[in-house]
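All chains are identified by letter, namely A, B, C and D, in their written order; residue positions are counted from 1 within each chain.
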Amino acid sequence: MQLSREDLLTAYRTMRTIRDFEERLHIEFATGEIPGFVHLYSGEEASAAGICMHLTERDHIASTHRGHGHCIAKGVDVMAMMSEIYGRKDGVCGGKGGSMHIAEIAKGMLGANGIVGGGPPLICGAALTAKTLKTGGVAIAFYGDGASNQGTTLESLNLAKIWNLPVIFVCEDNGYAEATSSSYSVGGTQTKRAEGFGIPSVEVDGHDFFAVYDAAREAIQRARAGGGPSMLHVKTYRYYGHFEGDATTYREPGEAEKVRKERDCLVGFRGKVTEAALLENKDLDAVDAEIADLIERAVKHAKAAPLPTEEDLLTDVYVSY
Amino acid sequence: MQLSREDLLTAYRTMRTIRDFEERLHIEFATGEIPGFVHLYSGEEASAAGICMHLTERDHIASTHRGHGHCIAKGVDVMAMMSEIYGRKDGVCGGKGGSMHIAEIAKGMLGANGIVGGGPPLICGAALTAKTLKTGGVAIAFYGDGASNQGTTLESLNLAKIWNLPVIFVCEDNGYAEATSSSYSVGGTQTKRAEGFGIPSVEVDGHDFFAVYDAAREAIQRARAGGGPSMLHVKTYRYYGHFEGDATTYREPGEAEKVRKERDCLVGFRGKVTEAALLENKDLDAVDAEIADLIERAVKHAKAAPLPTEEDLLTDVYVSY
Amino acid sequence: MSKKSYRQAINEAIASEMRRDPTVIVMGEDVAGGAGTKGQQDAWGGVLGVTKGLITEFGPERVLDTPLSEAGYIGAAAGAAATGLRPVAELMFIDFMGVCFDQIFNQAAKFRYMFGGKAVTPLVIRAMYGAGFRAASQHSQCLYPLFTHIPGLKVVIPSSPYEVKGLLIQSIRDNDPVIFFENKVMYDDIEEVPDEPYTIPFGEANLTREGDDVTIVAIGRMVKMANEAADRLEKQGITCNVIDPRTTSPMDFDTILDCVADTGRLVIVDEASPRCNMATDISAVVAQEAFGALKAPIKMVCPPHTPVPFAPNLEDLFVPNADRIEKAAKALMNYQIKEPA
Amino acid sequence: MSKKSYRQAINEAIASEMRRDPTVIVMGEDVAGGAGTKGQQDAWGGVLGVTKGLITEFGPERVLDTPLSEAGYIGAAAGAAATGLRPVAELMFIDFMGVCFDQIFNQAAKFRYMFGGKAVTPLVIRAMYGAGFRAASQHSQCLYPLFTHIPGLKVVIPSSPYEVKGLLIQSIRDNDPVIFFENKVMYDDIEEVPDEPYTIPFGEANLTREGDDVTIVAIGRMVKMANEAADRLEKQGITCNVIDPRTTSPMDFDTILDCVADTGRLVIVDEASPRCNMATDISAVVAQEAFGALKAPIKMVCPPHTPVPFAPNLEDLFVPNADRIEKAAKALMNYQIKEPA
């Protein structure tokens, strides 16, 4: 833990923002006002936060259908995200993308993705840009345990290796792909797969911000120094269903509640930093209040914001046509 | 070596047939009479022969663009193959497939394939049929070092593992994918990749019929006994270019000649079996003569055989339409 | 006979064929759900519950949850079909075809031709298609024109619960690879559906209503929209044929040409992107084969050439509707042939 | 200005853009060749030698040989394009699109729309298409209708050495994803091609010849066939417009409609499979927009609905040719409008 007080507050703020954003969406979705598919990241916050803490705007990330957390950690505006999820014109994608396609390339966020395994090839491209133009940037592919079985993901491991690209593959293994256990769908292990392609890999406790942060630092430093790709197998858990509306009957009763109680990343973080006297409870409480207010404003704003107009249907297909 | 005299002659006959078939095509192609792309298997014979010796018609193989050797080893009629390569109506595919699509499903030969990596998913399907219908059959996916980087191949390793399918993945690594060295294109190693998916694997000298034969026996026995997939990394070499017409300037001068001289599978086989007094040179010479005659007849026949007729253009698209 | 949903009709079709033929198997992502978990097995029955209960009746050897590897398992379904099984593979959303298209169009579709007529590949791929679910650009496409383009594939697009049962049973019994399109906003549609198995043959269009003035051809869910428009037009004294082709490959052009010979006016309604879609396909055949019968231009009612937008109001503007069909038909009624200069 | 092959014209186009703009890179399987070997580097320059010499001039950092992983590297090209490079990625044969289509049609094509206009993806994918090479079913397809169907993609099909250079330079400078179709049997075609760089704008058809009787629209290599047919027809007193649309997305429908307004007769020649192809696409727009001008049915000259056969005599029967075009045009000249009953 060589993090400054400011860093620690930033880390906590990121995780808290993600958590509150998702918990609120969980409630709002139930009212029927939010259109489409929504996949919540609650429970996995330490992964996005611990990794993106090392990044700046010259670095790129590619995300998944479960993308809100990565977006927030990479600095996409929370108000504009919320508007997007409500399909509003002032959403970060003008209301045309929605939850599954939130993106902001200028911030280095190459998009959530409705196609599982869609991100890893794209992130190899971002890494190639960084390498070719010598920007010093790195590129992070977030993907799930399910996505680890997609050919696109596996090809990307090899591509990044043989081109020696500054990519970090972050397998966020929350134990499930939809209603299927990773114990069923994943032959072998994530770390051995990476090693099969000659890529150094490590398993990380995804409930522990500091574990993720440390593992990411090493991998990102290696990538920035020209040492090529790495892979982190982040063991984590999603508190809610695959998407909102999923009854999660494939879980043991009480399973999610148990993880939430015993291994929550926010609780764990608070415990560690207050015990070590790095921060006080009141510092963290202040962040909580700040974020509660932000999310409240974001939802209010999004609900009241205007929809896109009829002309918007036809714009943004091409730069020119 | 627990092979009977008969078995040894069969093994030699298979390798000799493949060799002569390919060497003759090399000559015939140069005359311009053979249409399309032709990829020769000369040099790799021990792989197809050593593996297919263990198979019967209930077992399936999926092959590649470099498929003649696998076809012959799996028992497809040599006359009908030659006719196919000349585009004749009495070709094994009626002249509609050609070299890249030779197939005979009734013989368990699911096709050469113009799409690199096309075969492994298909062979998982053949294995699933065997498992579901309890035929006792196994299924072999032949694929190259280049194909080992295709997502389809990698997904198939996982699929076969988690469904516990009777598949043997045979990576025929001849050192090149077109003009690209496998040392450039393959991150990690083939055996470690398989292990990454939890699949037992072994590296085998593909110039040595007996090494291939023994490794295949073990893997096939395991598969037949319900032990799931295995992978063999067969190190081999192609004597000719990627396709006929390739000047192979990406090789060191003399490279192919050296392998042919020092590690040829037919020469090696002859040496071993005669030294061990299992067969005499004259037994093998008799096979040579027999095959020389067969290939001569096949080419003569193919050249004289009629082309498909105009109506053939429109048939065989659907069973019914 | 009783009222059944589109969803239930599909489920019954698969179940009855699995009972009849032990070589029929089902596979896909979470077609059962719960594999390897400590919770409920058959937890999902597919993402929208369509295959629920099958694993309970037929067991995990015939109802296979797959890893998230469409190229792998769709290819495996093709290989299984060519070697003795009759797989019904689910590709969840047709939008995912981009990761496994090769196994469909270069492998399964071409086996028979490439192998000189020696292959038989009784493969069914079920997939959801269409807009209206607020599922945005990567989960709302139609894409059936891409499959219709490919020789060797059959393409089925059922427009109601009755249709979906008969066409799916036919698909499973068929000996060629079939791509079966289910409209995701129609799963709760309800109509009378026989309990017993029945088949609807491929390549025979359904003339869902007859009229004298305009022929409307509509695809999938658009059949409902077309009939709604025809209702309205009838009140204005304009009567329509409404044709549901049922299958776009094979396509029953004869019925369309016959109807156009009678009405001389044709509107085609297609929810797919407008370039090289079914509307252009049908229009072109009519313009070639029934030109002499045409009294007016052929009108196409399609979405714009854009991805499917997320915002609900934009998505509603995107999808063709009864208004636009009505307007197109009326425009044809008002068309005056000008003498060429 | 000097005589150059289609192959050389492509090579020059890429080289000149690489000189002009350091963000232009090339990638693909063996676009150089020899990677990791002990022999010659730049051993291939692509499977038919089109990119030969580029690595020598621009080095391995800008000319990247790829592993056999199309989804991986085409996706990487899309990601690189969205982050500041201008990749020219080679997909060898367009037939291989089935393993990487997702990265093209769901990713690159939709970035801009899904991301609310904030993405710019200057990606070029070059690929060989077409029959006539005796390369059989999986190496001979056209498939451009599939790409034309997808909003967000541009589709370019150059018909000669002059065209290919100007259109490729335009493609590389263009800010949208472009699928660039090269006809594999045209690489040795030769004509006058300027040495200096020049561009040909998208969406402007080339009226390769003018006439009064019949308008022929032809795609890619079919432009040559159409002009051959027009030569023959001219000797018989029938004069033709022959239109090369150059790009099918955007498509210059205006030029086609103008020509049809003049001639009243239209033949469309398309080498792609006949269902939902460019012939149907063009026909449908004309039947909708220029119906009043038509004096006869719209004729489509296309291959049959079959995979491409291997046997040379069958393949020659498969591909449209000047004979069939000539016959179609004459049929239109002889067409008599019958009074509708």
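The rule is simple: contacts are C-beta pairs under 8 Å (C-beta built on N, C-alpha and C of every residue); 3 or more make two chains touch, one makes a residue touch a chain.
A quick note: this is a predicted structure, and the numbers were derived from the prediction, not measured.
K.L.:
Could you run down the chains that neighbour chain A and chain D together?
P.N.:
The shared contacts of chain A and chain D, listed by label, come to B, C.
K.L.:
If I average the CA coordinates per chain, which chain comes out farthest from chain D?
P.N.:
A
K.L.:
Quick one: chain B and chain D, Cα centre-to-centre, how many Å?
P.N.:
Here chain B and chain D have centroids separated by 36 Å.
K.L.:
With centres defined as the mean C-alpha position, give me the chain C-chain D separation in Å.
P.N.:
Going by mean C-alpha positions, chain C sits 30 Å from chain D.
K.L.:
Averaged over CA atoms, how far is the centre of chain B from the centre of chain C? Could you give it in whole Å?
P.N.:
Result: the chain centres lie 40 Å from each other.
K.L.:
Using the touch definition from the top, which residues of chain D touch two or more other chains?
P.N.:
Each of 67, 69, 71-72, 95-96, 98-99, 102-103, 106, 113-114, 136-138, 151-152, 305-307, 309-310 in chain D touches at least two other chains.
K.L.:
At least two partner chains per residue is the criterion; list those residues in chain B.
P.N.:
93, 95-97, 101, 113-115, 149-152, 155, 158, 162, 184-186, 317
K.L.:
Would you identify the shape of the chain contact graph, picking one of line, ring, star, complete or other?
P.N.:
Shape = complete; every chain linked to every other.
K.L.:
Given the complex with chain C, which residues does chain A contribute to the contact?
P.N.:
35-37, 87-89, 93, 95-98, 100-101, 113-117, 146-147, 149-152, 176-186, 248-253, 255, 307-308, 310, 312-314, 317
K.L.:
Across the complex, what residues on chain C touch chain A?
P.N.:
For chain C paired with chain A, touching residues are 29-30, 33-41, 43-44, 47, 65, 67-69, 71-72, 95-96, 98-99, 133-139, 304-307, 309-314, 317-318.
K.L.:
Where on chain A is chain B touching in the complex?
P.N.:
Of all residues in chain A, those touching chain B are 149-152, 154-155, 157-158, 161-162, 184-189, 192-199.
K.L.:
Can you name the residues of chain C that touch chain D in the complex?
P.N.:
Per the stated touch rule, the residues are 71, 95-106, 109-110, 113-114, 136-138, 145-146, 148-152, 248-249, 251, 264, 272-273, 275-281, 283-289, 291-300, 304-307, 309-310, 337-338, 340.
K.L.:
Please name which positions on chain A make contact with chain D in the complex.
P.N.:
Residues in contact with chain D: 60, 62, 91-97, 101, 103-106, 110-111, 113-115, 118, 120-126, 128-130, 132-133, 151-152, 155-156, 158-159, 162-163, 315-321.
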